[in-house]
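Below is one structure. I have some questions about it.
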Amino acid sequence: MSNSYGKLFRITTFGESHGPAVGVIVDGCPAGLDISHEEIQHALDRRRPGQSDITTPRNEDDKVTILSGVFEGKTTGTPIALAVNNRDQHSHDYSHIQHAFRPSHADYTYTAKYGTRDYRGGGRSSARETVARVAAGALAIKLLQKYGISVNAYVSQVGKVKLRKHYTKLDLSKIDANKVRCPDGKTAARMIGVVEEARDNLDTIGGVVSCVIQGVPAGLGEPVFDKLHAELGKAMLSINAVKGFEYGSGFEGVSMRGSEHNDQFYTDEAGNVRTRTNNSGGIQGGISNGQDIYFNVAFKPVATILQPQQTINDAGEDITLKGKGRHDPCVLPRAVPIVDAMAALVIADFIMRQQANKV
Amino acid sequence: MSNSYGKLFRITTFGESHGPAVGVIVDGCPAGLDISHEEIQHALDRRRPGQSDITTPRNEDDKVTILSGVFEGKTTGTPIALAVNNRDQHSHDYSHIQHAFRPSHADYTYTAKYGTRDYRGGGRSSARETVARVAAGALAIKLLQKYGISVNAYVSQVGKVKLRKHYTKLDLSKIDANKVRCPDGKTAARMIGVVEEARDNLDTIGGVVSCVIQGVPAGLGEPVFDKLHAELGKAMLSINAVKGFEYGSGFEGVSMRGSEHNDQFYTDEAGNVRTRTNNSGGIQGGISNGQDIYFNVAFKPVATILQPQQTINDAGEDITLKGKGRHDPCVLPRAVPIVDAMAALVIADFIMRQQANKV
Amino acid sequence: MSNSYGKLFRITTFGESHGPAVGVIVDGCPAGLDISHEEIQHALDRRRPGQSDITTPRNEDDKVTILSGVFEGKTTGTPIALAVNNRDQHSHDYSHIQHAFRPSHADYTYTAKYGTRDYRGGGRSSARETVARVAAGALAIKLLQKYGISVNAYVSQVGKVKLRKHYTKLDLSKIDANKVRCPDGKTAARMIGVVEEARDNLDTIGGVVSCVIQGVPAGLGEPVFDKLHAELGKAMLSINAVKGFEYGSGFEGVSMRGSEHNDQFYTDEAGNVRTRTNNSGGIQGGISNGQDIYFNVAFKPVATILQPQQTINDAGEDITLKGKGRHDPCVLPRAVPIVDAMAALVIADFIMRQQANKV
Amino acid sequence: MSNSYGKLFRITTFGESHGPAVGVIVDGCPAGLDISHEEIQHALDRRRPGQSDITTPRNEDDKVTILSGVFEGKTTGTPIALAVNNRDQHSHDYSHIQHAFRPSHADYTYTAKYGTRDYRGGGRSSARETVARVAAGALAIKLLQKYGISVNAYVSQVGKVKLRKHYTKLDLSKIDANKVRCPDGKTAARMIGVVEEARDNLDTIGGVVSCVIQGVPAGLGEPVFDKLHAELGKAMLSINAVKGFEYGSGFEGVSMRGSEHNDQFYTDEAGNVRTRTNNSGGIQGGISNGQDIYFNVAFKPVATILQPQQTINDAGEDITLKGKGRHDPCVLPRAVPIVDAMAALVIADFIMRQQANKV
């Protein structure tokens, strides 16, 4: 029971990379929300393979079908099932990995856990599962729009190329202006160079996605275990290839003094409570304070490389694994809509949880 | 419903800093586990205030009472309730903070969320809640011992003083050998100096706790949303003052190439599957691979400082808040047993979840 | 993890019959609810042993302590812990049952499940656990009052003596007017006779508690698995000694024709949607329709009898078990506040769940 | 979030009567279970419309597709998605019920809850949702077979025709021997007559399904809230049209004396603990005792009748609703596989929960 996420706005995903379909049931989405097929498809298009020459050349159109829960253009309050068929799922040859444990893949751990695995592609461990998250996230994003809440993820680091500008200095409408999804054009160009270099070396490279959530009212998040940032952290860490999460001042904040780090409150001219700095990242005691929420998510380099690697097979014997196939040299550009989706799902859930308290 | 953690080995905590008691119900702890009052008390003693001159001078003995679930020295399978009375809960004067929103505290967010707050100390947002976690964690640690699993958290950074040694070069039996809980004596001495300097300046300082979990069998953790590291991340981020979490290669891993980062498998002389490097931090695809699990947790500087600060009151008016009371200049030493407890609770829960699959 | 109930208004109970205390954490109770110690105590007084000569003569005062979550007479939104100390928990001799499996008790099943059991009284299987439910229920009842919802359980059958009047013909304010808690005086007198006869024969007798919930707005309950009546059924069936649950037309309705059973809708003079009959018991498709909700709960005779019984011990050997101690000849009168509490907890939870949908 | 059932063996269903498909995700089914498409289809065939002249003449073949989670004939441990397309979902005319609140249907309550409803057929409130339960139940039944556990539901009452024989006197292999699914041929014939009479009168009739679960080991079920019979009760009450649940001695047991009702333990020749009577219905203190589990489920008459009925429309105006379409005069024969499925799902979940305790 680990394929569900969320308490009230809850998704359950299914599907492996080479089965007939991947999909999701969204249970708990409020009734009366306008949603079109196009809106869900648009989110999937931002994630789809083959969208540029720095992603996998594998070209899938990832067309979504709405199986239930939407009637006459509106959600009905009943479960919304969304499915995307996998193309050509029978056409490939997996004999080279059928018995291999690929380095830093989940082949070995799935086998250890289940005593078996679906060796076609990564099976369930494939990032193809995130299709379902992005489709569901489109509904959450729609709900957030009703509240004036926006979610903007972007690539802030690729390899050693790091975007130094604070998000408040960026034009977040420019995220999709280039193929690496970094809203700063110059940095984007350098990032693209790093990805191309990795690709041309038959290698891969990691990076960081940053995300800003604006318009969240004060009061979301639950004290103690389900703190807003703890759920955001879990949601991000559940994405394939993620190795770290920090919000607000993050790891850098640890070397600050309390007197530097504390965010002073003041009342602005409109009478709103604000803070002069935002080291808190918009969250205090696990609850939103009305300021911008921002966080960073670390992605490791993709494990699939097109070079030969030493490893073992499922008999424990040493083997050399040849790299083949069509893979992403860097997941960062396509991870952006996944971070958006998961962030939106977390906030949507907390909106509903806070609403429940208003009895 | 945010005061519970865990799916099968599940804790629910209660209590605020200045109410009659704090405590926990541990629901799902297997029957037949030997547990003594002393073992739980020992864990609490590592967390208790007043344990050294670099923690708060507030001296509480934090004596635990077992209210249920243990019979003749063994757990019975029924809920284990543990309570610790708060001393002197009526003796203090909170008039200076009754109407103030302390900077980077949860006063404002609790008020925004609930329309009210218990202004005595931090109420429920106080780190006193972690008493309950540490008490419950003692049971989880006991369960882990049956499986030969050890959890060792230690302080690896205070302010800018960072322990550069890899955990494999440390003697983890030395964690409690000094009052800052860094197993490297020289670094510990420098850290203590940093804490003392902050304290003497009526200020506070942050840091990092690192944690190593050894002996975890391959196969723990659930794919997709409840990945082992995602749950560890949530558990850590749920601890007061935590701002970030990373495991394995973490944020540094993002600038590595896949060919560098991938952990090659081999079979050791005993026939066990091992990896030559451990950038994966013992977890692949969200599931343990039998190698050591290790991670870092970032703690911000304590928000309560003994200096005057500008802020507002609950009428939105500017005020100057005077620092007073007895507080920790640095939470890191006392955070170590909390990290141990939360890590143990996560692993205990996944042991039970994996056991359930073995039908 | 079976000691919790409710999704948003959630209780977790602890304690066994002869441990130091029994109690409950109420997690999710909305902030700002007025609650006094007296209100909780009053509910417990309706349940307490020794309240009349047709209940157990064991006299316990069951005084409740509020450990957290209430500040200045109001709930704060944080977990509310309530505890009741057990008196004299060390004073009894249980050697006669230490190794016996009492007929129709849980001694054997607990041993089969856990490999051990707390043989003092029933341990966790004792109906003493319901102290915690009644205490928590007092909070739920308070929440329901805000919505104009009332819950009235009463004894409608003891042995073969059955109250034939429909609840609409009863004065529900008279439930506590007699010691058996049947609001019809004449029937109550006959029921008391039946209990006395059972008691005087060193035997026990079962019965039925009926319950009416009035003022529930249309729209509570969730379709499919968490139907309003399905949750009420589970809540009732979770009470010790309960053997059956039916709502609306119940088991009698099965022999009706659809044309008889269907409840016609009409609009009343005030413009409200009503039904001319109420075979639906106020629930259609699992969701309240605004009419009265009513249901019946079957209780078996108490298993503890003061007569000798044949059974086996934990070595599998035949033994004769002598009845002793002070026990209820009939649980029905004391079950009434437990049914009230569980019904209120279910409705409170669904109020919050429905509120969450109103985003 | 009410479209999921089960804690470890967990199903989430989707789909409305006239959308593109209905289906289910089974999350938590253990890996390595043999399952064929035919086994799932067989279960669905027992439920399908048009199977005899006493069910609805609407003929749907209800062909299932396995979308994920099964590889090379075995479950992989990952979520199993099953879908059944609805035929002809666009072909009908619903204008006669678009604005009507049909008596004893969920039209009014869904509208009250969600502010909208899918008026095509019953939408999500249609019993078509149970297709998903039966498909998922086939997997649970397969798991139970590994443990030697059998589930046998049958029709024990239709209208006033009641099967008087105790289940131990029946040949449970004969359940499918007639179209009403009562294993006693003579009683079956009388039941069929009652259904035909109702049908010919353009009316409907209710009844009772009884169920026997054999081979359950002692120790399943959780004390307090998740008692085995409480979960069975909830599962049954969640089925469309169910009005009551009783197990063991049930409602009849309330008029027994404790000395009559108690089940004496003895050790049989094989050394197994048994009880001489089984008023407990195989469950004591919420936990299975190794004896047969048996229970009854009351179904009301189908609300859709082919006679004109008085009701109101969504403007609150009186209308006469004409019956039309093809509907079941009695749900009982088709309810049998649904009861089987839900019972199997409950037991499968508890097997996994008990397994988790064995750490």
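Letters A, B, C and D mark the chains in the order given here, with residues in each chain numbered from 1 onward.
Keep this in mind: contacts are C-beta pairs under 8 Å (C-beta built on N, C-alpha and C of every residue); 3 or more make two chains touch, one makes a residue touch a chain.
Given the structure is predicted, the values throughout are model-derived calculations rather than measurements.
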Chain located farthest away, centre of chain D as origin (C-alpha): B
A-D or B-D - the one linked by more C-beta pairs in contact: A-D
Rotation angle superposing chain B onto its copy chain C by C-alpha atoms, nearest 5 degrees: 180
Whole-Å separation of chain centres (CA-atom averages), chain A against chain D: 39
Averaged-CA centre spacing for the pair chain D and chain B, given as whole angstrom: 46
Touching two or more other chains - residues of chain D: 1-4, 7-8, 13, 31, 77-78, 110, 113-114, 124, 223, 357
In the complex, chain B residues that touch chain C: 1-4, 6-8, 10, 12-16, 19-23, 25, 27-28, 31-32, 65-69, 71, 74, 76-81, 83, 110, 113-118, 120, 123-124
Residue numbers on chain B that touch chain A, as the complex places them: 1-5, 7, 13, 101, 103-106, 108-110, 112-114, 122, 124-125, 129, 157, 159-160, 198, 201, 203-208, 217-227, 229-231, 233-235, 237-238, 240, 243-251, 253-267, 271, 273, 275, 279-281, 283-290, 296, 298-305, 307, 309-312, 316-318, 354, 357
Residues of chain A defined as touching chain C within the complex: 8, 30-31, 77-78, 143, 146, 223, 351-353, 355-359
